[in-house]
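Two complexes are shown next, each including subunit A; its partner changes from subunit B in the first to subunit C in the second.
This part shows the complex of A and B:
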């Protein structure tokens, strides 16, 4: 689990069933499937009122999708990628009704994107129940060009958009669902600290 | 007295400097010979005549040049000015606060006349004469916060208050000491202060937040903060750090007096009447070491403050590459004599 020492980084308390919800809307990625199974496997009543969107990400070989399919969710959308999942989620949120509880489980960048999508549909971000599962890889926004680089496991790294050498600052934006990347060799171009794999 | 506005630059050829009068009124931030974080908040009461605290909003000789620099920053990077949709009432509150204060205290430069909601704003230094309807955004060339802050020195953030916290949901930030509005917008008080070292453990932010949540209308408060900047560059943003960061490597023992600037932020906070939001203004003042030591007390004191600064703060404030050279240079202006208490020159 991510350390709670970064004051701007959210703490994800984990998934728990909201027994009062009229609908459950669940978005999961990769190992997040295991969090969904933990909560919903023995809850047939909840599953009958639930819509699940799942994309396997790097966990395709684990066949979590098959286990989720076996639970007989009222709505089930197995999506090939995060962007296609988020597009589908946006459409569902457009017609979601009062009493819908939103859940998200997976890597941190995915959690951030799902919560941001919910927020644009008027959902209080703090009402979304979230659980971090899988890689500690970070989603990082380059403060210079504003480009997002996904799955950053080491610092420093090269911005996938503008090519600057960035270090990952321990500063997190919920709105962007991303950490901040800042040029590491601005004062002495080419002088780079040793690369550390900190976020595996 | 009419202010003589200077023609000067904060980039490229860096012609910015302070007149002797501007040096005397510089808001020197150290009231003793050492520095550590504190909740150094005080009432934003009128200070001595001609000081930077004389009026709630301070306009000085750098006004016109600073507004030109802000326009350049916004042209290159519009993300420096952002506002979430629910902040529009607070934007109008801010426009009222700034226009009323500037017109009242600098009547020779600014005039505000009102006929109900039909207002007329005259800004003589910038050559602006604008009639508009208060509350109707279509009657101004920019949204209200951007309109008025393109005409007022200092960065401004508008903080929404809810859930016992303050949320940075709006702002114009073009003269910042290395923080990004675009990244921090939407964050709460604890979140946007996350990168600051030491202070969290001292409980500074909990106490400051508790204090600010109870801020009352008509009782603004202020505090001073400081850092150092190489060359009189206002736009020391993280967005442009890859362009200005190398300035820090250009300091030599010979040019410390000219290159190294003390950068002081006069931060003030006001409760707004309609929105219940809080204005957080961050006004930057810069002074090069050569100018600063013309006040002997300040030369002695800054030498002692920098010499004793904790390593974490040297690092956080970005002083590492030139801290030693600056302390050495200032030591020549410190004869060891005692300094008097308080900020002001002897």
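This part shows the complex of A and C:
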């Protein structure tokens, strides 16, 4: 769990079951599966009213998907990637009704994308129950070309779109669900500070 | 401090909407356009009664497009503490009053995909303004309006003309009950609910929504409660060195104002938090009537909202 030292970064209180919800809609990624198991494993009534979307990400070898399948969710969608999961989530959100509680667990970039998707369907970010699990890797937006780079573990890094050397600022955009990357060697091209692996 | 900027206005039109509701059109005395407001806003109206200034909050119905007037709706309450009786008995066309700048503690959540507006009785005034804004912006909405009988339904004709079948009426005299469980199912995700009306109705609607699994973020309500009466007590302001008595029919805030203290306020109904004061000493039990302080704050006994809460005891000392 990342320390709450960055003011702009949301605090993820962790998953907890909403006993009053009529439906549970859960999006999980990688190690987020363990958070889902922690909350739903002993709750057959909730599981019977729950739809789970899961993509294994870097945790494929752990076979969390099999453990989740064993729980007998009312709806289970094992998706190959985050983008395919988000597309499926968008379709479900379109016809979802009030009384549906949304949960998300996984890496921070994934949490941000799920909350943003819920928000486009009129859901207040505060009412999405979120838990950060897995790597501390950051999703970073280059302030110059606006390109997003996923899974950034070190600063500075090379923008995957425009190739600039970017310093990762400790400033989080809730709208984008991403940190900000700023060119680190604009004045003296090629003069780079030592690379630090900070976000493993 | 206090209620901020005041605007002198003149009553230019009075309409008897129902046997107990009057609508007043207020125009600025200096002719400068009244500021625009967002739907759900209210103003505090200052009424020059014989022995004191009465301050009551009234929701704004609408504003003339050119800013030349506001409309407010006032229900004559049976046990008036002075305000509604003054508006109904003393105010005529030409009466001069003062109002505060509009304040909105009941705004629309524009990110919502759909809006359920629920009103009971005079609670229709802010809902009327909100419905109009939703109509103008082509939003998705429904209005549910409960009233005693056809005669007490202020605004029904105007609402029907503007909103057509988006308006659903519930009349007590026809045994039509506004049942929240009938309204809530199958509402699309991202629906927001707004309720204004009698305390019991607000509680029932909010409780029904919570039971149906609606998150707090989607529930909005506004109650304009009159300050509850109680036993008289005395209040001492530790810093200012002022002591005054609070009558049984007077609120703490009103007593301080009568003593010449320029105390802060906005809603005067225990909702906004503007008049929060720190308690230094309380010789008795604090009676918290507000909807602002958390249960922990109330239990701590160190905070009080001047507008609606009081002391059941002898003397209250405030850090003012």
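Rule of thumb we're sticking to: the second predicted complex is superposed on the first by the 200 of 200 C-alpha atoms of A that agree within 3 Å, B and C clash if a C-alpha of one lies under 4 Å from a C-alpha of the other, contacts with A are read in each partner's own complex, and residues count from 1 in each chain.
Throughout what follows, a residue touches a chain if its C-beta (ideal position, glycine included) is under 8 Å from a C-beta of that chain, and two chains touch if they have at least 3 such contacts.
Nothing here was measured: the structure is a model prediction, and the numbers come from that model.
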item	value
Which superposed partner A:189 touches (first subunit B, second subunit C, both, neither)	first
First (subunit B), second (subunit C), both or neither touched by A:96	second
Which superposed partner A:8 touches (first subunit B, second subunit C, both, neither)	first
First (subunit B), second (subunit C), both or neither touched by A:123	second
Touched partner set for A:173, first subunit B, second subunit C, both or neither	first
In the superposition, subunit B vs subunit C on subunit A residues touched	B
Overlapping contact positions on subunit A, where the subunit C interface meets the subunit B interface	none
Residues on subunit C engaged by subunit A in the complex (per definition of touch)	109, 111-114, 184-192, 210-218
Subunit B-touching residues of subunit A, taken from the complex the two chains share	6-9, 141, 143-144, 146, 164, 169-176, 180, 182-183, 186-189
List of subunit A residues in touch with subunit C within their complex	18, 20-23, 93, 96-101, 119, 121-124, 126-127
Interface residues, subunit B side, partner subunit A - complex	79, 180, 182-187, 190-195, 200, 238-246, 248-249, 321
